[in-house]
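Provided herewith is a single structure, encoded as structure tokens, for subsequent inquiry.
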């Protein structure tokens, strides 16, 4: 048996404080899968997905029900316990001992301190760059003030946060070139954006998004990049451009391009890859997806996460799926003689948490070098 | 055991009425695999492919021979029975109870009524858009008449056909933008095409192909799109542009981008994915390919098909491969405790036919909702 | 048991003549994985990769040690034997009977004759196009002389070499169009390159690289193309443009796009695919990667190679991994009834060496046609 004692969830969000019914719970499942529609297609349900089946496999027993019980029965039990108690039971059973929490998404979500308390765990903040820039824009009167305040805000956040995350940066900011925009280009883009925006408007300008990524790179903390479920070739150019500057890049959400993301971690010393949704969204197929990531990535470059948002069930599903997949994949390789048991246990401990502890400087790593 | 009692083949073509020899049969195998050359490379044969091996596995026993017998022996037995009797035996053993037949490819192929009679099954017509537009062009004297007749022909076909299919639409029509072309642009393209064409010329103009897709979308029937064996990102833009307009999109032939196609079905309520050539062309690997499609697609969004053309052996291979793969993949997940047996049987029934019955309004669905 | 008696390694490089320490050996592992950094990331090692684990699985027993022994112990034993004796033991245990050697990479590497002697095998030369062009440029005084000498050098090499290889041709030369550049365009590019270059400068001009590929195509020998670990769609256009001209194309290094490369071998009669790094770099996952390549490629179109460079351990790992993977994948299909044992043995013999013997005209093929 390969053992994965405690997990560091290197990328997740908080959980909702409000009670959920069958429809609102299902909508959250659909959103987690990347759905753009509020409702599933007529005649279908988001429960009929690997994630839906995985929730029904792993979570009902934690609330005293049979695995695979119908969604309505599970939701009834969840309401009976109350959202806080259900969340506590779920998070405490997940095996996650440290949560790194991206606090930049809207909604009535618990913050790092609440997650830590509910889960009897540690938690640290990840600062999302786009909302930070939007807040700075809300309070800056001129282009010069905005740009100065933005740099100050990013560097200030770097003192507290364990990492930065960017949502739209890769998809919109790096589509054409990875290079930092020139000062005049940045001032022009900032002037147009500030002149046209109302308070609360989202940052979508490609030049400002690219500028923001480069400001974050100079702040020296690891930078987590949503690769937008598309071919990470835009990321490849950014990786080349940022080599040797001191900030690590962590590629999030690469499925179905997770093999390409894993390959980039072998090519670039400062590039890491996340395992989150690659495993959490594939349910019964997670072992196969994990095995694909393990083809080309150096084992010191992979980081467990849940990528969970809003539902503590998603933290549980990610952790349970990961542990089950890791144990199966590495166990099979040991049984075949392809890996030694010692190596397999060492790699499991690295991916489960020690790599994250090293990259985010969370505390002493446990796994031995040679 | 997971049971898949009857299949709806949601996309196929008719079968040849002429007798075939070893060389002509092999050429059909090569064409099915996407080959552009009439002949295989020197020293190789199209029988040495997964499809060739799958034909030799599943079909000889249906004609009274040993599985895996040499191609020449199989072809001799086929000629002994005659093309009609061999076709009847093969189709009736396939387990397909409903065929949706794209009638738009050239060649001496049986139509829906003949397939239904040969296979003791139902059959319905899928209207292929490009040949329809070419027929309209053959009989329209002016640009205005062509465009009016085209709209009328598409809406007229929608009253009879279960779906539309487009072959070149994605590859050539959506390469640059998914948006509908403006009226002036369409008139200009139609004028140039009509002026330059001889009767029978194929439609390849990108603007007219895009116009044709948008006319079909307004007709309200499901629109089946050949994704051209390439990255379905062009389809992704079209899916975003057509959301909420009432026509479903069904992605055909996505291999090796079937995971991306499956993911699009999770993102867009009106997008579905076909399993046809993904399974029919991968033979001994079909279970692995099916499992990949099942990673991210909601299970209500997947549709069995054969994609078969010209050879009834290809209908048999697709159906046998699908049933065998589905039973193995879902059976393994049940054995692991990842899925419940009830869920597995329900999902099997959905993909085998009930999803197609709902999308194409073929009759009552059997599989229960929650 | 599926048997793969002797292997033709259809693409490799020579091995280093110098002794290696732990750090220099690890750097070679990193380079083989495509790494651009001289050093692994802090806290990680290139030994913690599938390739590193595969070296520790297969090689220590050939030098009298336990499998999976620590890297330092293995390197100590290697130095104790000496680089020449260790190389002989490793290569002779690989089961490779014929090496095709790309001699165009810099470094103190053994040539074909030395590899043949060390490995008790045959060896033939593959001529790499870019260094050949650079040598011609070093010795040609004018544009006219350069272009004439280049054509003569390529056609002269074709008389001796078994194949040509191109490293940068696809990535830089075919990025925009696959068509041969016109004579004026070539003269202009040659003039600019010759005027600006110092002796020894590398060829990176896209027009000259494309010209070079087309000169090689007219020489009639197989042309091996590094696809640069990216989507082989640039190769697809070149395959269409070169159909019927008499030169075969062999796609190298397609991972993670090996399924797309395999599909191209089904579409184009003159296109072949290499199995080298797809298997050699995936270690415990090689059987899964091999199975993916076998989905769509005609079995007469696949060629074993090691892709090994500098370390004889990499020839051993590739050969051992390939044999183990092939035996497992085909053996499972026979056990399932999907393939006959006769077919499986025939396909194994084809991929292990007979396909290469036919494509490179190395001697009589062993595997029977129907």
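Just so it is clear, A, B and C label the chains in written order, and each chain counts residues from 1 on its own.
The working rule: a residue touches a chain if its C-beta (ideal position, glycine included) is under 8 Å from a C-beta of that chain, and two chains touch if they have at least 3 such contacts.
Only a predicted model underlies this, so the values are computations on that prediction, with no experimental measurement involved.
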### Task
Over half of interface residue numbers shared between chain A and chain C means same, under half means different, so which is it?
different
### Size of the rotation, in steps of 5 degrees, that lays the CA trace of chain A over chain B
120
### Query
If you average the CA atoms of chain A and of chain C, how many Å lie between those two points?
37
### Message
By the touch rule stated above, which residues of chain C touch at least two different other chains?
### Response
231
#### Entry: Contact footprint of chain B on chain C as seen in their complex
231, 233, 240, 243, 248, 259-260, 263, 266-270, 291-292, 294-301, 333, 336-340, 342-343, 347, 350, 358, 365, 369-370
### Query
Which part of chain B faces chain C closely enough to touch in the complex?
30, 33-37, 39-50, 53-54, 57, 67-68, 70-72, 229-231, 255-256, 281-285, 288-289
